[in-house]
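Two complexes come next, and they have one chain in common, chain A, joined by chain B in the first and chain C in the second.
This part shows the complex of A and B:
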């Protein structure tokens, strides 16, 4: 049986990707299961989806704990404990990661010897990000080595029918591109063994004795602790204030930033807190003298690196 | 007219420049609800205790993180107003027994989404108004059950596409008039606000803070995820909701309903609709003139009496 687990952020289309892959496997004559995990569905939240495929009846149910293939739409999820990207990884598990960094980097960073295939993100254009799902599905199909291009194309047409021909064509194009790109790794995913009920490891139970509410209820005794959460990593685009054009109105960007991530100093100059700015770009859209520009995070990171090198040399 | 206190917020220049609500919340990028809440919180200040019904904003305070500088309590979806009653009573008893001073008293603030305010929690809310509970109710209305994938709620507007109204005509029901329902209870104060009109919002929150009894606020909260638009458009869509007359800014005070911002030369409603994916089926594959004019007529009828 193939067990495939998808990790992404809400809005990246991993739920749809799992449906497309499930349908493609079905068209190839497999019995399949595909289901997302119930949970928060807001944009940016870690999302999980699961696909099982087998030539015989699938009796297994529930979440996939020992995946044969892990698909990661967003490499910033890997260090997030709640995302559990590496949970239940076994020797033959293959990882497909959307990342601009190399396989070796990830193997080293995660200290694993598993096969890792990376797909460079290439673009930071928000309109393009919608096609991550198609890219992942295209690549995954080739890695599994049991899905023909025709089935992949048909699955995309079936699952995205309501989105219209233009979007379907774009998805097919993206999926095919990825399908070709990972050709050298065709068929690198192997099926995990059957696990009989008797072989299941018992869960690691932790006994929690009943305690009074003042002990057992989780209380937070400090204020505004959310500032410890670095939501800046959500950003794909970065707003940059051009202080020459800023007219120090002081309130527009700072008031309309939903995340309180723009503060104004005494001279009336606004400052963006990049550790917490999520990149919604409301400030860019609302700034009256258009003094806030947009650059892609990729480009911004490259500029930061240059600056750093200049200061150290 | 009774003595309405002078406002501190005469213009944008007088708006608070502090940003009290903590950064780092897990709300979506461009969340219109968070936008309204952080503006409200700057006015309300730290001496508040929030009672939060299940919804998107429950995720703001997940142990060990909270963006609030004061207290916060989580309740089930229908029970936030009942939770507020308990806290108000506890504070009153503590003051009476001199265990805390009057200066240490807190504003009790209920925070719920539209699923709770317009639907599940309406009965409990009605009870608090009947008992004249001294509290502030803030409903962030994103017109659907956003946290679970935007299923329709009693606040979903006619014709909007939600994950449970996918057909070519969208949602067949009509948005419940919660303002009228709340005002019919004759509480101390009812107001509609929106984050894209910060001065109007600030004045209303300031006014509500100076009153006693049930003070009810509905904040229309453009939702990039549920309404399907680019997050950067949140404020623009909010402004259009006011300019097209979709979201009337008004207040109920002393038995009267006052419109605080009457849009001069209302823009056609389609300016508001066409920016949102949830109304895309009204324009593509072909324009649904019948449905668009139905929506326009409803708005025109509403404003006819007010403008004349």
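This part shows the complex of A and C:
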């Protein structure tokens, strides 16, 4: 059985990517199972999706513990423990990472010897972000070596049917590009061996002790705990206020912000709290003089870096 | 017939569509919402001739479903978890009306704390309501059992609502290949709803009166409902056989997997039971005589079928994805009741696993088989066990210390000196 796991952020199309791969494998005559997994649905939160493919009926369910292929659409997730990108990694696991860093860098950083293939990020134009899923799926198809271009194309058409021919063509183009790019690594993903009942590691079950309610109730008694959570890291897009255009209306953006992440100072100037702005972009849509613009986080980070360099030199 | 990829939610929606449902009262709740979204879409595009009404709560939704069914139209609805519980008062009421319809429940753990993932405490809570219950383990079963459920509900020997249960995430959002029956064949199979004595016409309005009664007539009506639920076993077998003849897929009140010469058996319901099938295959490869016994029906409870299937079995591992506070696994309790006093009754070991969607690993299935075998050797079942590892408790301790540190840092102590960690 092939076991494949996709990691990305809510809004990056990982569910769709897993479905395209699932459909492509189904078209190739495999029995498949694909599913997304997430908690509270929100943009930017780490999510994963998985695909299983086998020549016989699949009875296994749920999370994949020994993946053959891990696909990472957003390399900023790798250091996030909650994302569990490396969970269950075994010797033969191949990693496909959407990243500008090299294979060697990732091997060194993660201290692993697994085969790593990187796809350079193409986010100069933030509109391209929408095609990460297609890119990942195209590359994954070639790495698996069991999906023809025709099946990949058909799968994209099937899964994106509602989005119209233009978007479908663009996705097919992106998928094909990635399919060609990873050609040297064709068929590098292999099916892991199955565990047997004859030899297995027994679970370390324990008996839970009784604990009093002040410990064992699922309640946190404290105020303003949301301030402690840096929800700004969920953001994939950053709103930036152009103070030249801002007419200091004092209330529109700050009122519409669902996270109270915009405050207005005494002079009427709004400030965005980037530690807690989740990048929903409602302020961008609401600002009457269109004084808030959107840039991708990737681009914003590059700008920040540049600024930092300027100040140090 | 064509095979296509469908989620469990998609399969449930197709079931309602292929059964030519007339009326769908709806209220959204994760992970069920996709079902009503799919149906709403089809109605919007004119692919379904059905009236859908979005209600203001599940309580109203079930009331509307029962009321519509009582006018003689075919009704479908869907909910999950807190929604099912919010409707609980009306589950009993509409079953008392003897109003037949089909309700999909997408199982999800109950609050508090909150989870979105699967757990059977919601559906088990509806156990005594008078609804019949069919439990699915694949997306194909969701579709097929929805069609079967309409036949079961509307049969004059039953005339009660039926819940088709599927697990959140593990089925609801999981795509698998599903064979979609031809619309005409499905229509032919489900047939027309014959409401018999119900003669409601909008042009001749009548009111359905439900009297306030003393204990004696009350007992009569309640017991009649019990008998009707019990009839569900016979009726299910009939309509399932007819289904098999038409579509080639056979369903039983209790499903057996590799039970022929088994000495040990897993007993569990829901989608995780396909994992148990995988475990059975692997254990058999290593020389174990083991099988899986999976109740499709929880109500009526197929006592005879269990007794027949498990009479030659030496040891059983019951895995409950639910917990009755202060008692333990519900399926375990019911199976114990069914097997008590049987000659050569098996030794039954109880496990609670998969609460809130927690995974049950292959190694855990192997270990449960091992425990069941040891119990047979010792002639005594061990104490019930929660599937929970040392590592999980370590993770829990980490969460508790974060909570404690935050509390201390924010100067908002709960008033307890020991804080969040007993191991300090």
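Quick note on the criterion: the second predicted complex is superposed on the first by the 271 of 313 C-alpha atoms of A that agree within 3 Å, B and C clash if a C-alpha of one lies under 4 Å from a C-alpha of the other, contacts with A are read in each partner's own complex, and residues count from 1 in each chain.
Heads up, the rule we're going with is that a contact is a pair of C-beta atoms (placed from the backbone, for glycine too) under 8 Å apart; a residue touches a chain by one contact, two chains touch by 3 or more.
Predicted model only: the values in this text are computed from it and were never measured.
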item	value
Which of chain B and chain C A:220 touches, first, second, both or neither	both
Contacts of A:61 with chain B and chain C, given as first, second, both or neither	second
Touched partner set for A:228, first chain B, second chain C, both or neither	both
Touching partner for A:81 - first (chain B), second (chain C), both, neither	neither
Contacts of A:184 with chain B and chain C, given as first, second, both or neither	neither
Which superposed partner A:279 touches (first chain B, second chain C, both, neither)	first
First, second, both or neither for A:200, with chain B first and chain C second	second
Footprint overlap on chain A, where chain B in one structure and chain C in the other make contact	40-41, 218, 220, 223-225, 228
Residues on chain B engaged by chain A in the complex (per definition of touch)	12-13, 15, 17, 19-32, 34-35, 38-39, 46, 56, 59-61, 63-70, 72, 146-149, 195-196, 198, 224-225, 230-236, 285
Chain B-touching residues of chain A, taken from the complex the two chains share	10-11, 40-45, 126, 164, 218-220, 223-231, 234-235, 250-251, 254-264, 273, 275-276, 278-282, 284-286
Residue numbers on chain C that touch chain A, as the complex places them	5, 30, 112-113, 116, 169-170, 173-177, 271-272, 274-275, 277-279, 281-283, 285-286, 288, 357, 359, 361-364, 366-367, 369-370, 385-391, 393, 400, 403, 406-407, 410, 412, 414, 416, 418, 420-422
Of chain A, residues touching chain C in the complex	19, 22-23, 26, 31-37, 39-41, 58-63, 65, 194-198, 200-209, 211, 214-215, 218, 220-225, 228
